[in-house]
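This report concerns only the one structure given below.
Chains: A, B, C, D, E, F and G, in written order; residue numbering restarts at 1 for each.
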Amino acid sequence: MIIAGNILMVIGGVFLLLGGFGVLRMPDVFNRIQAGTKATTLGAFSLILGVGFVHPQWLLKLILIIVFIAITNPVGSSVLARAAYKKGAYQYKKEGEERSEVK
Amino acid sequence: MNTSFIILLIAVPLGAAFLSVLVKKLGKYFLGAAIGFNLAASGILAYDYVSPVIYEIGGFKPPYGISLVLDEYSLLGILLLNVVFALIAIMACKYIKKYEVVLSVALAALNGVILTGDLFNLFVFMEISAIAAYILTTMNKNIKYTFNYLVLGTLGSGLLLFGIAVIYNMFGSLNIMDIQNRMAIISYPVAGALVLPLALIFTGLSVEAKLLPFSGWARGVLKDSNSLVGTLIVSAFSAAVLLAFGRLIDSLFVMSDSLLIVFTVVTVGTLILAEIAAFSKKNLREILLFSSIAQSGLVVALFLQGLKSAALLVLINNVISKMILFTLAAKIGEDNGTDKLEDLKGVFLKNKVLGFGFTAAAMSLIGLPLFFGFIAKANVLVSLFEANNIWLPMVILIVSVIEGAYVVRMLTTLWNTGEEGELAKAEDAKQYKLTNKVRLTIIITIAAIAIVAAGILPLLQMNDWFNFDILSFLTDGLGGV
Amino acid sequence: MIQYFSIVLMLVGIYGLLSQRNVIKLIAALNIFEIGLNLFIVSIGFVKDGLVPILTSNNESSAMLYVDPLPHALVLTSIVIGVGVTALALALAKKMHDKYGTYDMDEMGGK
Amino acid sequence: MDFILSVPAIVVGLFAAAVLAYLLTKANKILGALITVLGSGAALAAMLMLKGDINSVQSLGALGFKLTDYGWFFSVLMLLIFFSVSFFNLYWMKKIIHPAAYNFLYLVALAGTVGAFTAKDFIGLFIFWETIVWASMFIIPFGKSRNASVVYYAFSAFGSLSMLFGILYLYSKTGSFDIQYVLEQASMNTTYALVAFITIGIAGLVKIGVFPFHLWLPKAHGNAPDTFSPILSGGLVKAGGFAAFLAVIVMPSYKVFASNALFLGRELAMPVPNYILVFLGAVSIVVGTLMAIKSEDFKKLIAYSSVANGGYIIIGIAIADSLSVGGAFMHMFAHALASAAAFLSAAAVVHRTGTTKMSELGGLIHRMPLTYLVYLIAIISMAGIPPMSGFISKWMLFQSMIGKGMVFTAAAAFFGSIGSFLYVFRPLSAVFLGQLSPKHESVKEAPFLMQVPMIGLSLLTLLFGVFPNIVLRFISDILKTAGLDGLTLNGLVISGTNGQLNPSLVSLIFGIGFFIALIIFIIHPKSRKVDLMDTYTASEFIYTPELLHYSYAFYAPFERLYENAPSTEKWYAALIKKIEEAGQLVSYTFFNNKPRIIVFWMVCAVIALLWGGSL
Amino acid sequence: MKKGISTFLALWAIWILIAGFNVTEIILGGAVALILAFIVSKYVNYSFGFSIVLGALKFVFVYIPVFIYKLVIANLDMAYRVLSPKMPINPGIVKVPTEIKNDFGKLVLANSITLTPGTLSLDVEDGHVLVHWVNVKGSTEEEYKKEISKDFDKILGGIIK
Amino acid sequence: MINIIVFSLIGLGVLFALIRLIAGPSSFDRVVGLDTLNIIITAAIVMIALVLESSLYLDIALAYAILSFLETVVFARFLEGKQ
Amino acid sequence: MKQIVSILLVAAIGILIFSALYFSDETLKFNEYGNVNLDDRVSEKYIDKSVNGNTEEIIFGETQNAESGSANMVTSVVVNYRSFDTLGEVTVLFVSALGVGLLLNGKRKRKNLKDAPNFILKQGARIIFGIMVVFGVYMFIHGHITPGGGFPGGAIIAASILLLYLSDDEFRVKLSAAKAVESTAGSLYVIVGLLGIVLAGYFLQNFLPTGTVGEVISSGVIPIVYMLIGLKVGSELSSVIDGFLTEEVEG
């Protein structure tokens, strides 16, 4: 149980790190959001669940936190992404690619 | 004596404030009831006063709980404050609408500032009263000055809290008396280590006490203020803050010589510079606001010299006379659209009774005999001489000449018409307006009579009035009733 | 370290007050100052190796070493006061902006 | 002794009369003014009756009263002046903006005066002293200038606060306010004595208007209501002599500071502090005289002459021998009567013509001969010419100065006397002599009730000029109680240091001379009358005829001699301007609508506190 | 009424999740949830019927595994893209149609899209989800839908009407 | 040991997000950085609860998550509405 | 230039503060970070709950009827030992909220941002809102055993209201209801204080049994006061938020 928890925690930590790195590395706002949201959500899930394996008596509250993150994190990302989209934030395009944008 | 009245001085106005939001229409009655209650309660406390009482809020004994201290000093403070507050509220009741709650809160907070025996609690009450003051000053035409006040006030109270935190770190307590005791039992000198916290506390209080150069907010806020806001700030708020200042100086300010010198420079500098500034002003409210700043400087300077009783006399004189003067100045300004002295020649010709009140207050302010201000001034000088201080009396007297000059200019202008070199004639007086006169007249007359009575009676009754200690007078005089 | 940082924050706040003329920036500067101050107050309550001052099933006894709870209580008050003042300041800022059409104190004129 | 007839009763009675006058004026103005006449008259009578009670002590609550001989002297003098002037009040009720307040303050000022001179304690002295100040401060702006009141108050406050400093300092050292006791104690300690001398001395100098504190006199006397100028000039300034007398003689500082300081190799005749007073007195004589010569305004002119005469009084007191102090007392007496009379005649002129500008007047001798005569007597006395009382006092003062070998001071005093011929002649000629202005064709002599006090004062001036020993005997007693030698008076003769004076004889000679001159004047053929404003130049119409009036710029050639001399007036104006500028600077610097500026000052102050506090 | 009860139950459940499963807290939570249900039911969207039991089972046992699978894939994909030195991305914004009518369903769909490989929902407007796609494939809405949301759409359609 | 590994990973993540927060360049980029930072911190608080063996920190984590979400929404809406 | 002066001033004041705090050669010194002996501070008695003389060790889940029943010592200080400060702090917020209301007065309508809220946000908020509100209430009811309390609880509730404002262009708090809650809660706080006088002797003195340290139902008036504070803070902050997110209606 504890070992599983520890593994999950390490995995969580790795994804959180990846989230941070993605936010740093990606070329435009949208891709940064993508990287940040996905990696950190999974990372947080994994880490929190790992903690729950170590401390089963905390599980209920940890689940609530997971649920909360599961709802808020994508919502937050969407809000932010739409704002950036509406304000015409810079969009990275692969060199040579031409594509009609949805209006 | 029912000691619960001590806390009720704060709790009742606060409760009234909370309730009046619930029943908006009854707001003014709640405010009136709170003011009335506070008047009665402070009267009862004074009547029953025997010896200092420490009220332990929550039943926790000091220094652990917050305690309120009712001694002669704070008793005097609450009497003065509640009376002045009530009178101002009655005189300027036309501005109260919509601000009943703020006034109730201010009343509670100012009583708290005077009564509290706890440093942090003092900070809290100072903040409440400051915020109430910010809100009240938004009644002025120009709220950008309120913003100035807010910035400076917040920075000041931040520094005050910083100082309190350092004190707590050093002494492990927030109870003023306890800190005093802890300082006293330390066998080595503490003054050097206290420079930082004391300077910070001094700064924080100076902003609200309007000392130079911490009072940059005061002119903008007060020069156009109405008879409610301006008067409250120059008298009621001023009184509470100065009393708190005095209590801290008295109990916590263990100063090194150099710190005492810099503090004295600031306070005496305030006295001199503000009187000079008042002298250069041509508008009634501006003159009075600078005069108020100067008087604050004097009061704090006296506290710093250890002359509590003398400082209190000056404070009382200033509070009462400023109440009358500022109310009338603001009223004249509001009703006639200007408070420029030259535009108000002979304004008292048709308002003689108000004029007498104004005159009595002004003469008391400059300390002429037969008015209370003289008792205060003589007391100050004798106390200083007895402390072998020669230079401060000299400064005070020289500054008094300047003060007298602008006050007399004010009086002669408001009473008389005519250009320079022309005979003053009653017919030349313009038609001035003064509304709401009845209430104003009654209160100002009573206050003016009180000033004169307090100036004459001591002369006739006591042989040592110039040397008397107002605090022991309160114990003996009122305690003996 | 955290204490030094808190003082530096206060100084940054003061610097902001000294150098800014935009109302919103001034309010921000005040807030930075307050944050620094609150941090400072919390820091004076810290006791080396002290526990969080809440009794729990793990830290069940008052005889254990806790950090000073008083500064925390003070800071709580201080924060709330700060919030109140900030709200009022922002309302003033809004009102001033309505009146003068600018957040720049220097452009509001007057003496 | 009965309270009904006592000093406190007079003081309280005057206060009560003041209130009564206020209330009655509201009902009927003349009735109110009548109260001032009756009140001051009754008080004068009561005070005269109290002569036998000198040295009695009474108290009113905590306020003690002691009727000293010098106090009685001053009180009677003041009451006399107030009483005389009060007749004029009857005619001024319609001209004064606040008649009720005027009558009230008039009597309050009188009560304050009597109280100040009879106070047993310093604190009582101060309280009454300030009462005079604020009563007058309110009356002055009823005249032509509010600013004059401010100037008056500022100077007075400087003096009285200086006194307060001394009083309270000495109180804290001696534990008492009793004038006699405190001054005794002070005279045993050089520091205390110095404090008393300086502080009370300054109060006296300011009040009497000695250089450099003389500026308020022309301002206040010149602009006060016409009925109050004689009170100020004839009466209230003499309180300065009282204070100086306390500081120099009663203390007695001339003994405390007895020194053998050398000046230019000669031992000084007096202690240095006294010399300073003498010097200031001498300067006052010169400045007052020169400024009076320059004055275009009738009342200002008399005010400047008061400055000069104040100089004589201060010199007399400062020399501190019996002849000089006696002379000072006599001079106060003589000058009070004369200047009151002069101002009253000015008031009478104003009453009839409405102006005090000499350039607008002229020839009034034809319409107001009695007023002319009163004025003539007053100025003769002020100039120190026999047979008026002013001559006696000046003679005594000269005797004393010469006796002490004070050549320069005597020269100044002599200059003052010569100068006074110049300035008193000017209004005489401008107002009363010369051509009558057509405007004033219908002017009448002053009304009867005005004539009464004018004649009274003139007769007294004459009486004490011819028989000065009536007063001098009393003055001699004062000097003796004060520890000086008495005056040497034999019958009608006064003895000085190097000569004797028989005033009656001198008067007789002068009387005969005057009589001869009068006969010559009457039998001499009159010159042709020319209209005053009949001035045409080459058919140009003159728009500003008053500039061509012969009294305009009367002494212009003489004035040019000192027009570039340093002016105290300018100096004070510059001082006030500097203070105002400093005030504006304070207000501009520290009070700003820019938060960063006010925060800047706050931060600077915190730095100063932290840095200064940890030094 | 139905909404009120479902809100009450939901709030109570939340309370128990937060406060833990013990008698005092359950009673306290019930009371709090009851009071809050009256106040907030207007502002929350916790309405569900008795079919919730089945729905919840489906949700837990069908939707969530798929979701987690997709999420893991998404992350691995993203990790690859982030870490790969060449950064093989071809981003763009596309519209994806959906059949789901229910608001809650659309929300879950949008969130699911966000958390699955390479896509990020920006907004939902009448029958479409606006999606940012890291590596755009295809060129028609149906192609987009097939790539992005077909699985979720089907499952969610089965759970939420 | 595990704790140290996890905290190091988280610490690096925080560092990267912080760099984005500071570097920008656009306001949106900063908010993205902040948002990512916040969720990493939320997870970190849960880790702290584990390390300190105290469930009290879970409340703090939840509160932090709530406020950080709101923070993102406020910034996003503010930037969206900005002229 | 301005910047340079500012920097110099700040540097000067910083040097003075640092040297006074950390480089002082006085015998009495500022206690440096962490280097504190609580025996020298009044707080020692807050930890031991021994202000009124208790000498027993306080044990979580065991000790009964301690003078302050709160397991959270900060809460003990905030709502028992220094409750009066807290009343003051509640007043600060109260009067500030009032001031905001007075400044931004007049008939007001919702101020809408340029773009309508995102569908995802709008729907998400309707779920998150419930969690936030429950959590806020949980926080102020559990202030004596968890790190929460009235202020954070109230703040969370206000945050949930802010979320509704941001996610729904139509939403507005019923200000009269907010005022009523605020006012009632404030008045009740004072009344709790007055009951202290009547039932126990002193203002704000605890008059309920304090129970067992660590239990949900314990600590006397603390949960009640914290609930009042939570409601008050929540409603006050909500009305402040309303003030800022609405604008005056023309005319």
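Keep this in mind: contacts are C-beta pairs under 8 Å (C-beta built on N, C-alpha and C of every residue); 3 or more make two chains touch, one makes a residue touch a chain.
Just so we're clear, the structure is a prediction, and the values are computed from it rather than from any experiment.
Chain centre most remote from that of subunit E: D (centre = mean of CA atoms). Taking C-G and C-F together, the pair of chains sharing more C-beta contacts is C-G.
Centroid distances built from C-alpha atoms place D farthest away from subunit A.
Between the CA-based centres of subunit B and subunit D the separation comes to 42 Å, rounded to the whole angstrom. Averaging C-alpha coordinates per chain places the centre of subunit B 50 Å away from that of subunit F.
Inter-chain spacing, taken between the CA centroids of subunit A and subunit F, is 11 Å.
Centroids of subunit C and subunit D (each the mean of its C-alpha atoms) stand 67 Å apart. For subunit B, residues touching at least two other chains, in rising order: 120, 124, 127, 131, 134-135, 138, 143-144, 147, 151, 155, 166, 168-169, 174, 192, 195-196. Under the contact definition stated at the top, the residues of subunit G that touch 2 or more other chains are 2, 5, 9-10, 13, 16-17, 20-21, 31, 36, 41-43, 46, 82, 85, 88-89, 92, 95-96, 99, 103, 115, 118, 120-121, 124, 127-128, 131, 135, 146-147.
Annotation for subunit D: residues 592-596, 599-600, 603-604, 606, 610, 614 touch two or more other chains. This structure has the following touching chain pairs: A-E, A-F, A-G, B-C, B-D, B-G, C-D, C-F, C-G, D-G, E-G, F-G. Those residues of subunit D lying in contact with subunit G across their complex are 596, 600, 603-604, 606-607, 610-611, 614.
Residue ranges on subunit D touching subunit C, taken from their complex, read 588, 592-596, 599-600, 603. Across the interface of their complex, subunit D is touched by residues 14, 17-21, 26, 105-106, 108, 110-111 of subunit C. On the subunit G side of its complex with subunit B, the touching residues are 16-17, 20-21, 24, 26-31, 36, 40-43, 45-46, 51-52, 67, 80-85, 87-89, 91-92, 94-96, 98-99, 102-103, 179-180, 182-184, 186-187, 189-191, 193-194, 196-197, 200-206. Considering their complex, residues 118-120, 123-124, 126-127, 129-131, 133-135, 137-138, 141-142, 164, 171, 215-217 of subunit G touch subunit E.
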